[in-house]
């Protein structure tokens, strides 16, 4: 099966272009392929939402984008991860960079930052919050990236140190860390900077994690289920914070979640993943108002809506199969209410292009 | 911090109190008492006929006819006020005199062994965990199994055998004959360090095997933590990530088991010392048990246990300093 | 999961192989012990460990029959003799019946000491199920049949000691003694640990605190010096049987705290579970809850703990007897046999004195890998391996 070429937006406003990404793992039970030919783009300053159940390959694909996969992972060498946000404006294929090379490390954390689901586990318990922010700042100030000057004070400090072409002084980095903590809405940042992760509340830890990620002024933030472990009220605050900072820094965001309701609030474009494949992609409004793929419809039917209180909530039947028992044909067919015998269980449907740069992978629309 | 220290020191004293009772019971266990043995030792073979009256006199002279709790109190008072552990009947002098320099030899062996254990096990185990399924990793598994299965005294015997048959020298003792009685000097110290290597290797053998496994397991655990991925996601160089995050935490279980390692070394020391002919406390302990010289044995058992308790305390404090999650508020 | 889906009718049965579903159903309905056994069987190394231990146990139990003579039988013609290897072949040709060459006694021309020299001209054939020294199997059944023997003299597979006693025979009996001390020691420790740990874990509170303190103190004193102290108190006039049982008592007394701590840990962990509350609400007594509900849920872990504590018992026995504070000659144990190897000159001249040491190492190794294998197998539903 050859991937169909997408209508590519003009490269001038593209930040990252992932083409036919395939990731496999060598395990004791055999070769598994959690990401099987994924293609998507993220534009500058925009948010891509990736939705899917656990095991759909959403985290693996984003980790592959910064080469953060374990040693037993194999990324297909033909896959392309084109990053247009490189410091000097050139385009770089991240997939061709060597793991742990200085180039990838400069991009990782410097240009593309990540936050994770578990703020407690993302911090090492034995170092202070400040220590881990300062570490990130000093790492990337040393490599002489060109920062997006936004906050005046932060920007000027960065410019100074770039001119000096050496590591930022520890004290200056600390001041910057305090400023970042203040910026993400942590009260009393001067005290918090010297505290350990276990001394902070869950919401504060996630704010601190955002502070670490954004302290280097990245062009892109990958948020891997950043609010799943938090209370609903705190969840809303964190999302508000990410959106504010995104606007302020003109940053792109990839927002990964399994929560269809959440994605409607944050994303410009949504990609729905199932068993390592994007089954449907389109602008958020289009996709929410007129879901095409039976899986997308299933996900939307599973969330409660205020305007349709009379409706019964229907969960998607069945469980996501393990990657070892990948069904033949369309991966969703065993759970699909509209499957067609002798077709869906034999052949993988191709991409059907629709208006507004939308596509769906289903024989219903082929 | 102060409350924590006070609490731990109090715990240490309570433990030592109970240990002293246990040691005293062990000293009292062998049939007969000091007076019997003293009389037997003093007069056997001299043709003097010892009567029960004579023994009773000796017993009274030593205060052995008083009840056990009073004798315990006297014994403890001697230790606490004058650092006096009583009399050795086998050597007919004070226990302190018998123990003398052997205490320092024991500590020299202990610390050499500990340092050797940690210097070997920590880096190798970290390397093996990072390079899982490598040849180093597999040999580590084999070595740590052997380390648990081959008792130290057997290893000492094997080393003796090899040194005698292959190198035609003996590895026993702590000094070369020419330095045995010489006053302390740098040369003598160097000579002792040379002799310390074999006992240290033998004693470090099983402790290293155990620590290799512990450190490797912790390191494997830590490597999978999200905080390590998060650090990598910040673009930190790989070796720095490894050293600062998982390796730093993999040392914690080592610190927390220092007391356990000291216990293990002291447990194995007597027999190894016997085989290698080391002039230290463990060998003296065996000798005094065989001679039923219970005041010497009790003193040594107290000292060894005291060091273990102290090292437990050191490890507690060090761990609290290393891991901010441990509250310093006592309890 | 797949089995459930089949029942719900969401997943058509024909899309999956029938036998595969059956296999899965078998897996999900198997008892815990079956699962443990299936997983353990896959663990090759641990199986080898188990086989080695069974072999050693058989050697110990049937020592009388396997050994060619008694532990005290002295072969004056072959003192400190090297191990003899049965042969099928020599310069005279091939023989189906294994044999060894005879021994001649010569005098050293210089020192005039007696020397045993192999005589390649004579063959002594090995026979099986021969009649030899009389013995009573397990002290009950009188017999004089031995597994093997020479037509004349004794075959010394492991050589002989300074008195000309057969080392193979002595090792067989030592294996029995050392292993049985381990078994009795572990059992004593287990019974104590079960009672004390059970009380501490279930009752909690003051009792728990007290037991924790005692455990701590026993754990802080170095173990072997402590054993030695207790062993030193054995009266000299005690018989070997008395010493033997006293030693198992000591190992039990000092071995229980570690086990009790684990049992207590298991109990505390399970105590808060809903099924315990349910049992309490339906009026079950504490004893019934412990024995019927709590203990079975971690029997497999207890067995693993017991297996793992074996090596310490064996090593302690060997160490104590080695320095002369444990069992005493004429009884034999691995430690006693190794006493002969304490002397550098002896091991230089007779390296075969080390053979009992190989038994110690192999036994401990076998227990360790068996314990590891069982520990892996005891957690039947865990998916992670290696």
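The first chain written gets the first letter, and so on, giving A, B and C; residue counts start at 1 in each chain.
In this section, a residue touches a chain if its C-beta (ideal position, glycine included) is under 8 Å from a C-beta of that chain, and two chains touch if they have at least 3 such contacts.
It should be emphasised that the depicted structure is a prediction, and the values quoted were computed from it without experimental measurement.
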From subunit C, the most remote chain by mean C-alpha position: A
Dominant interface by contact count, named by its two chains: B-C
Centroid spacing, where centroids are CA-atom means, of subunit B and subunit C in whole angstrom: 28
Centre-to-centre distance between subunit C and subunit A (centres being mean Cα positions), rounded to whole Å: 56
Touching residues on subunit B, where the partner in the complex is subunit C: 15, 18-19, 22-23, 26, 29-31, 145-146, 148-151, 153-154, 157-158, 160-161, 164-165, 170, 259, 263-264, 266-268, 270-271, 274-275, 282, 285-286, 289-290, 292, 297, 300-301, 304-305, 308-309, 312
Partner subunit B, residues of subunit A touching it in the complex: 63, 66, 68, 100, 105-110, 113-114, 116, 118, 121-127, 132, 135-136, 139-140, 196, 198, 209, 212, 216
Interface residues, subunit B side, partner subunit A - complex: 225-227, 229-238, 244-245, 248-249, 322-325
Complex contacts: residues of subunit C adjacent to subunit B: 213, 216-217, 219-226, 228-233, 235, 311, 315, 318-319, 322-325, 338, 341-342, 344, 347-348, 351, 354, 357, 360-362, 364-365, 368-369
